[in-house]
Each structure stands twice: as C-alpha cells, then as structure tokens.
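Letters A, B, C and D mark the chains in the order given here, with residues in each chain numbered from 1 onward.
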Amino acid sequence: MQVALVGITGYAGMVLYQLLQNHPAVSGINLYDHKLTKASELDQVVPIFNGNQTPVWPYDDDAIIKDNQVVFFATSAGVTAKVAPKYLAAGFPVIDLSGDMRLKNERQYLKWYNKPAAPAKFLRQSHYGLADLVSAKAQTYVANPGCYATATLLGLAPLVQNNLIEPDSIIVDAKSGTTGAGKTPTPSTHFTQVDENLQIYKANRHQHIPEMMQALKRWNEQIPAIQFMTTLVPIRRGIMSTIYAKVRADITEQMLTEAFTQTYQDKPFVSYTGNQLPDIKQTVGTNQCAIGTVYNPVTNTVMVDSVIDNLLKGAAGQAVQNFNQLFDFKETQGLKLQPFLP
Amino acid sequence: MQVALVGITGYAGMVLYQLLQNHPAVSGINLYDHKLTKASELDQVVPIFNGNQTPVWPYDDDAIIKDNQVVFFATSAGVTAKVAPKYLAAGFPVIDLSGDMRLKNERQYLKWYNKPAAPAKFLRQSHYGLADLVSAKAQTYVANPGCYATATLLGLAPLVQNNLIEPDSIIVDAKSGTTGAGKTPTPSTHFTQVDENLQIYKANRHQHIPEMMQALKRWNEQIPAIQFMTTLVPIRRGIMSTIYAKVRADITEQMLTEAFTQTYQDKPFVSYTGNQLPDIKQTVGTNQCAIGTVYNPVTNTVMVDSVIDNLLKGAAGQAVQNFNQLFDFKETQGLKLQPFLP
Amino acid sequence: MQVALVGITGYAGMVLYQLLQNHPAVSGINLYDHKLTKASELDQVVPIFNGNQTPVWPYDDDAIIKDNQVVFFATSAGVTAKVAPKYLAAGFPVIDLSGDMRLKNERQYLKWYNKPAAPAKFLRQSHYGLADLVSAKAQTYVANPGCYATATLLGLAPLVQNNLIEPDSIIVDAKSGTTGAGKTPTPSTHFTQVDENLQIYKANRHQHIPEMMQALKRWNEQIPAIQFMTTLVPIRRGIMSTIYAKVRADITEQMLTEAFTQTYQDKPFVSYTGNQLPDIKQTVGTNQCAIGTVYNPVTNTVMVDSVIDNLLKGAAGQAVQNFNQLFDFKETQGLKLQPFLP
Amino acid sequence: MQVALVGITGYAGMVLYQLLQNHPAVSGINLYDHKLTKASELDQVVPIFNGNQTPVWPYDDDAIIKDNQVVFFATSAGVTAKVAPKYLAAGFPVIDLSGDMRLKNERQYLKWYNKPAAPAKFLRQSHYGLADLVSAKAQTYVANPGCYATATLLGLAPLVQNNLIEPDSIIVDAKSGTTGAGKTPTPSTHFTQVDENLQIYKANRHQHIPEMMQALKRWNEQIPAIQFMTTLVPIRRGIMSTIYAKVRADITEQMLTEAFTQTYQDKPFVSYTGNQLPDIKQTVGTNQCAIGTVYNPVTNTVMVDSVIDNLLKGAAGQAVQNFNQLFDFKETQGLKLQPFLP
C-alpha cells in the first residue's frame, strides 16, 4: 500500500514516518509538504534524517489521491480545515493528526483555535478516533485525538461511562514534556527556561478541553464541565494526566477497579495496573496507555494516573492504530514497540 | 551570637549553614552531628565543603546548651522527638526543621511517621512556625513546617481563613524536585530513573498531610480533609503546589483576589502575582513564596499555583525567618537573596 | 533457536532482552540470574517489566548448555572469568558483554579490574568482537567490547590502521550518560549530584584503557599509549568520544577523509558524516556509530567525534551483531532500529 | 557611587544587575538599553523581574557620562566597537563584558566576529581584564574576558608562564551549558534538542580562540596555536574546560603542582585542588574558578580540569572583580557568594 504523509517537518510527522517505514502493509511512503514549491530531499527538509534522500513533494491534493491509498496529515491547525472537504467528497481515506476535524461544532472550533472551521456538514462526517474505545473500521476521515485528550479520556472513560463519579467534580492536572509544545523555538521552550523549572500554561484555555467535553458528554450527558490544567515539565516526551473526581455515594472501591478492568481487559494498548501507579517511563517508546488508580476513603476521591508517550499513543502511534482499524488490519500491526528503557 | 547546627550532612543543613554564615547576628556556628563519636572537620564529614576545616563535634546536649544561644536541628525524623524535652525543660531556644514536633497529637505522629512521639505535654509547648502567618516571637521551641506544607498552606490560607471555598473540595497536586527526597541514594532518586520521568509517590500517605490538616482545622474547623498527591519531577530544587477548590456560591472572583492581596500585602516573603502564574524558577534561590490564582467560572473552581524553593522557604530559609522572629531581629535579616536566574 | 540470557537485572541485560524478543531467529529466551536460589518471575526480579511473568531461573551451567544453543552474559566483572572455561571446554557458544574475557593478558586484567583473571589459555581462545571491523563467524567465545572502547576504537581505526597520525599524540575526551555507570544507586549517580553538573571520573584509571591499547597495538604496533579521560554528563544514554591526534607530516586532509570513507563505506552500522559532526541523539536508540571529523591546519590536529548509544552499539546491540555474525545470520537482523527522535 | 548598566535583557546583564544591587559601594544603578526609544520599566523589558519598576532608559552616551561614575556594557558583539572611542576620549571608566575591545588587532576582530572593529588606537588603550592574573587598577577601559577564555587561560597560565609544557601540544575540550549560548531561542537551544544530547559547535571557529592566543603569546611567545573545541551540554550554567598538554622532558609532576600552587595561593577567586578534580557544581553560584590537575606518566600528559560559572566568573562576577580593582575597592567586595548547593 502506498501511503501519503503530509507534515514530516514536525515532531509527530517525524515519528509517524518512522512507524510507517516498519509497517508490514506499507510498501511505499510519499512525503508532501506545504512549505515546498518544488521537490526536495528529506535530509534537506529535515536535517536530522541525515543521508536520507527520499523525495519530498510540494503539497498537491490531486497527486496525493492519484498516487496513494490513504493520506496522513501531521500538520498544524488550520491546514486540514481547508482541504478535508475535498478528500471527504472524493471518499479518500484520511487520518488527520491535527485538531481541525475533531470538533463537531464550528463555533467551538473558532473559539478555541481562533481560526475558521471546516463547514459543519464535513465536520459531521469526521470520525473522532479514540482508537482504544471505538473502531475506525470503514470510516473515511479519522480525526486522531489530541495527546492530552487521549491520556485524559482513557483515564476517565470507565468512571464516566459507568456513572461512578460526581459529574461536576472532575479535575485534571496534566503534565507534558516539550515535544508537546512543538518544534518552533520560543522563549518558553528554550532549554534555559524549561530546565529546572515547571511552567503552568494555557490555564483553562487549552484547545483540547472542547474535544474532551464533546466525548465526555457523549458518554454521560450529566458531565457539565471539567477543570483542566497543563504544566510544562523538563522532559522531552511523555504526558501524565492526573485526574481527580469525587466518587458517587453508592460506589465502592471495588466497583471502581472493576470498571477499569472490564473496560480495558481486552485492549492491547491500555494497561490497567490497579493501585501500582505507572511512571511516564513505562510507556515512552510505545503506543501504550498505562493507568493506575488510588481511592482515598478520607476524601472520597478517586485519583487516576494515566500516562502515555505523547508522540506515539498521543499522536503517531494512535494514527497507525486508526490506520489498522480503518483498513481492517490486525490492530497491533506495526506497533509492537518496546518501552525506551532504562 | 553563637548558634549550634545539628545535621550539616543533609541538604537542608547544608543550605542552613550557608545562610547562617551570612547572617549579621551570627558570630559563630558550632556544628554537631549524631553520627560522629569524636570531633572531625567539615570537609571530612561533607566533602563538598572542600577545604573547610571547621570542626564538627559529636552531638552533646550539654555542650550545645553551654556554648550556644540557640540550636537548629536539621535532622531526620525520630531525633528531636527524643531530645526536645530536655531543651524545653531548660528553656533553651530550638528551631527544629524536622517533623518531630509539628503535630500536637502523639497518635497522629506515630501513625504517619511510624515512630514514637515526644510526650504530649512537650508537643503542646512547640510552636508551629509557619512564619509568614504567625510570629515565633518569644517562643522557645519552633517546629519549622514541612516543605510541601509551607507551599500548600500559604496557598490555601486566604481561601480557608476567609471561608471562601467548599470545605470538602480541596485537591492538591504537588510536585517536587529530588532534594526534597533527601541525600541517600535510592533506586527512585537514581539519575537514570528520575530523568525524563514523572513518578507519583506516597499517594495519600505523605507525612505532611496531618500537619496541614492541623493548621487548616485551626483556621476553619469545617475543613474535613484534603486530597494531597505528590509527584517527583526531574529538577533538583523547587516545589509547585497546584491547589484546586470549588468556590462557595456567594463568592466572587474579586473577593478571591482581595483575600490574597490582603493576606500578603505586608509580607516580605510572599508575593501574590494575581493571575500571572509563577514558575518555580522565580523563587529558587530565595526565601520567597510566589502565588498566582486563576478562577474558572465554567467549573466554579479556583486554581492556586504556589511555588517555593523547598530548601529555603521550605526548610532553611524559613528556619532563619523563625530565628529572626524568635529573637526579634528584622525579619528579612540574612534573607535578602536573589533568585538563581536565568 | 533457544537462547540463554544471564543478567537481566542490569541495564544492558534489559535492553538485550528487548532486542532478542524481536529477533527473527530467536524462538525462545531462557533467563538465568546468579542472585536467585529458586525460580522466580521476571516482574518480581525486575519490576519495570510489570506484568511479564516469564520465569527466571537460578544460574546453572549445565541447564544452560542443555536447553539453549547460545548464552549471552550481561553480568558484572568477575562472573565469566570463573565460568568461561567450562563453556569453552564444551565448545558452547557464548557472547559475553562483560570485560572478563577481553584482555589476553592475565596480569593486565588483575591490574585494571582488581580481580583474578581466567587462565591465559582460555583468554587466548576468546574473540574480541569489535563487530564492525572483524567478524565473529565461527567463533565460540565472543568478548563483546566495552562501550567507551567501541566508540573510541571505531573513531581511531582508520587513522591508526592507515598510519596517519603521530603515534604518541592520541588524546580521548569521552563523555557518557548515567546508564554507563550501572544501576546500583550511588552518591555520584544520585539525580541531585548528576543534574546540572559534569564530573570527571576514573582519570587515567578507566578499565577500558587496556582493551583499547590491546586493539590499537594489534593494528599499529607503534602506538605507545593513549590519554583517555571520562566525564559523566547529565544524560541517560549515549557516549561521545572526542578524539584528538596530530596528523603525520606527509598526510593531507583528503587522505584522512578517504581513510574513514573506505573503512566504513560498506559497514551497515557505522556512518561517516565527514565534517558534519554528529550529535549523540542521532544514534540513541540504534546500533549505529556515527563519526565526523574536522582537520585543523593551524594545529595540524584531526578531531574525531564518534557517538554511540552505550547500551546498544556499546553493549546489547553489538552483542546481537556478534550473534548474527557467529551464526552467519544477516548482520542487520533484529537490529533495524530507528533513532529515538526527536 | 552611581553605576550605569547597558544590556539588562541578556543573561549576563541580568546577573550583573543582581550583583550590583548587593555591592556596598553602589548607591544606585541606572539601566539603559539600545532597543528602547523611550523610558520603560524593568519588568516590562525583562518580565522575570516581575514587580520591579526600576526605570530603563534608552541608550544615551551623554546621559550615562553625566549621571554615573562608571558604565558596564553587557551587550552583544558590535555595540561597544562603535561607542568605546567616546568613553576613552572622555576618560570615563568602562567595564565591557562584550568581545569588542578584547583583541588588539583590528583584522583579527573582523575575521572572528565578522564585524568592523574599533580603530586600533582605541583597541590599544583597552585593558584585557583577566582579573585573577592582572589588576585593572587605574585603567579606564576594561575588556572583560570571555567565559571560555577565562576558564581556559586560568587553567593554562601556570603551565605556559613557567614554560612547563610542549608549546604546540595544547588541546582544550571545553563544555558549556546553554546560558553561554545566549537568550535568543534557536533550534540548537530548544529544550527538545539540548536535552539528552551533546552537540559540538563552532569547531575551530570559536571567537574566544584569538583572545586566548593573544594572552598565551604574551605569556610565552613560543605557543604557536591551541586546539580548542566546544561542546554544548544539557545544563544551564557552568563551563568545564578540560585541557591536555604534553609535559616538557625535564619537568616533574611536583613542578607542575607547585606552579599551580604558587600562581594561585594568594588569589581569593581561584582554588587549586591538586588531583581532586572539581565538578562544575562546586563553582556555580560563585565567582570562583576551581582547578584540578592529573599528570599521566604513561602519556607524559598533564590534564587540567578548570571549572567556572560562566555567568559569574565568566562574565558578571569577573566584571565586578574588575570594577573593584579599577576603583581600588577590596577585591572580594560584593562577591562573597556561596555555591548553589546541593
């Protein structure tokens, strides 16, 4: 299968390219980039791929559709909002790692991304691909979830779907490394600023909030809102989403652990470790989400520790998982990755 | 003034020694250590003090009382529980950085520290020295607060003392660097384990929980409990205590910010920065606590970001501040420190 | 093929286990450990392999020989010096990641390792497996090179083998992350000590010096000695060996680059990048050694920058490469690894 | 004394400002900046000085001379080359942290800095202020040495001045943290790039090479050149300059250590620690240079390990030391700093 990849210059595109090279169903990868006006070579475009002279083509919808059977977009916000309708109209399979086609509501997109949304009729055709909970099989357009949204929603699903917590009590204190902030050098990602520091950012303004609310409300319409905060920590890769919620009056600790066990027992990419709380390190390098829980009877609060590699399960790994589902390949194909230990 | 310092081998003792050397009221520092059986020299006991041949004496209560006017204990749990009564009986001033004399209740100490407490009559004579909110003036025995407790209580005080939040809604997600975990090499403080990782530890079991509850209940007896979690982050120094609470129905955002402003406007060592959320870096190297707040009307939640240098405001700096109060020196004496920028 | 692995508890053993699991010629891995007295399970012995209940057996030569076709030792110094003779006597294939069987001279081993060596007759039968320069094909006992030795010897080989530099002018300033220092927690690997620090260690005393001299002298008997220094840097994985040497009077810059090009042009695991100096990051996660060179006409000095992942090319990766050579598998089998980017 | 500071926006200016605030001879600090066109406030110009409303004025030579008794320039290359003549003509004291007035030779400046130099007659009037080896007393214009130059020259001085080493054998492998690379965000100082990485940069092209050669030749005209390499390491502050040289035939190890001892025994800011090799950490936070040496009889090579805090001894600290010398204050005034331990 020939696959197209748009956006190799970003971190997620770079990792996705590595995964696709090892995927048994992929016979060739065609690279495209919006910034090019004429064909170039990969190590010219991304110097770290030193010696790799794979061609990179200027972005071209028609060429992508003609020469490939699927396209992955690892582009920044605003790109696919414009081009998604063409692919949807053509019925051409797309896996979109950007946030453009995740929200069903145009105004929500405009509010949180501060850019014009794709027309609502196309937004409605997009599938929100939280791959461990819903399959992309037979879909055309997959909106791959955001990194924070993935860790947080997988941590919340058993509680919210089974109505185990007070609906208005969800508080999420999420931590991420610098690859989540993108490749462009900025004052807040300068080594001198990140190192030996913790920085809270986008307080109550993170653009993953509406996609989480959209999913949570679909699972349980009683959830009114979530308190969601993000802190930049001095690591490169990994997200820890620490989730707190008050447990409903009639719910026991055993019901909590059973909900997690049942939700994830057959899921190859989610590990529920009970009250053994996972470190970030256990998942970095893999497509795994590891989840631990601790119930505190004194405060009647459940704490969920959900960790992922933001570039794999939170981006490129889940994209490949959606690709596998969409084409009905074995779900784990190309994703048998070992954690980057020690 | 001659001062005694017991426990130079730990991180807090090391930093306290540096502060006392620069304190204008201190004419000499006598060092004592429990592990010695005969006198040694500082750079033999703590190699990093290369070239410093100040004597270090075996621990000896009588010598301390005879040759000094005050003693600082920077010792681990279990040491001062045994010796505090002697100093209290003698009316000799003590500033105790350990947790031994913070709790008024013997059983609480036994439960959280798993060691026998000092007798209750002595515990009652100890002053819990949260120096920015209560003065140690004319006290004999000051129990210097724990690092997490300091950051968290200073962040909560305006809310709890002014009854602005729902009493059962407090959730604290606190993060600390490795100096908070002590100097002894362990698997969980090995560079290979800490680096590029986040580790939740002592979930619901951190020994600073009871001292926080003791203070909170004194401020507002309606507070039933707090949810308190600690995560080890790959930095050396600094604590960020991220605090969440539901705001009471009749309370406005302005009332929240006014409470912080009024509580701290005359406090030289607490900076309230409104909704400019402080980074850890702004306080590292100083005795400052910096606090920012953001109110979220969607969830009716206030988030407090309270940051300190765990070895200064969270240990040695606050100890000197208590020393200044106890002897009625100017509060900022010996503590005009600049943040370690950039 | 059934393979035995002794020493899963160390960093190199852990990574080797991951590689062997993905190796197409390996049908089963039997784990053995010297510290066990009865069989256990992997996640009991190494908690990071959470959920993996593969049995780990007490070390037993006879069982290893009976149940496997090859054994990998990822053990610390002193272990294989004792057991190597038995395997050699039995003609059973061994790949030994420790330093015990690298030196041909018993007294050298005793001097640098401070332990008794294996008998000289067995040392002579061991093959020093610097896999990119000499094949282990048809060998019985492969002594896998040390991590520093690998990076340094690959950087020096074209210069020394082609007699391009002044023999007494070699200076190596090597830098390594903490995984090179092993898993046991020590004061010098405590996060607080490593972080924001550089520490020179084992000045002129590093045990890889004699194995490098043994190889260099074999290539060019004029080399009298090398100046070799090691600095611990705050990273987990990776070695950079920065090598300096005076260029011989009649040698041109072009002759230098040609020597590197010719030595490595057909080597799948060594990349010569000319005067593009490689970062450590380009090799971490792979079995690659990347080498760049810069000639300075002002000082008549060539600087070689040789970087590897110390746990892969410097340990487990090269071990698998030797395994492939020994059994005449394709050299790259099980080693098509992508760098851990970004 | 009123002092002017130009360039508070850079790292060195920031730290210099902190030092001058604590200097007993400084009654007021007037801040000026080239980028301003009208007066501003410090926390507007440098947000980290949150709450500090000290005015910052547009740069103005005449105002500086009229309102101050000395000016410190912490500006980037190219600024003082233009304005130095005016101050020299006026006989107004300047301490210049930039590289503009360090080289005596106009063409050398043009070659290494790629900018036009100040006229040679002014360059000749500038004093190269390597403060531990030569006093700035009664000078007008002090060119404060570069950070790498300071660590390297202090490490080499005893060897070169006493003619103990082979003149053409000097090799310097210097390592620096990111504050040495400046505040402007770039791809090579992005956290994701620096973290877990080592990067060699400016191979044989570092602009501190000519100022080192100028000093070395003055000390010993036989020195033809030095081999000087720089590696960026994942730390914020600190330089380690690792220096190698062949020892002259008639020189003993004792003569080496005596040369260091004698050169530095009365110097308050240089510590010679013999063969105890200093870590970077011992000097960070102070104006100290710590130097250790190890002689290797096998290679007849001396290795010098010279460490400093690049922003203090390598910039702002040495600038204050020069200020003290220039005005004949006690050399240690305002510089009694403790290392930032642990």
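Remarks
Here, a contact is a pair of C-beta atoms (placed from the backbone, for glycine too) under 8 Å apart; a residue touches a chain by one contact, two chains touch by 3 or more.
Everything quoted here is computed from the prediction, not taken from an experiment.
The chain with its Cα centroid farthest from the Cα centroid of chain A is D. The chain pair with more C-beta contacts between its two chains, of B-D and C-D, is C-D. A straight line joining the Cα centres of chain C and chain D is 39 Å long.
Chain C has its Cα centroid 46 Å from the Cα centroid of chain B. Centre-to-centre separation of chain B and chain D, using mean CA positions: 37 Å.
Residues of chain A in contact with two or more other chains: 11, 179, 183, 192-193, 195-196, 234-236, 281, 342. Those residues of chain B whose C-beta lies close enough to touch chain A in the complex are 168, 171, 173, 175, 177, 192-193, 196-200, 203-204, 225-227, 229, 231, 233-238, 240, 242, 244, 275, 277, 279-281, 284, 294, 296, 298-299, 301, 303, 305, 307, 342. By the touch rule above, chain A contacts chain D in their complex via residues 11, 178-179, 183, 185-187, 189-196, 234-236. Against chain B, in their complex, chain D makes its touches with residues 11, 14-15, 18, 21-22, 48, 50-51, 179, 183, 195-196, 236, 271, 273, 276, 278, 281-282, 285, 336, 338-342.
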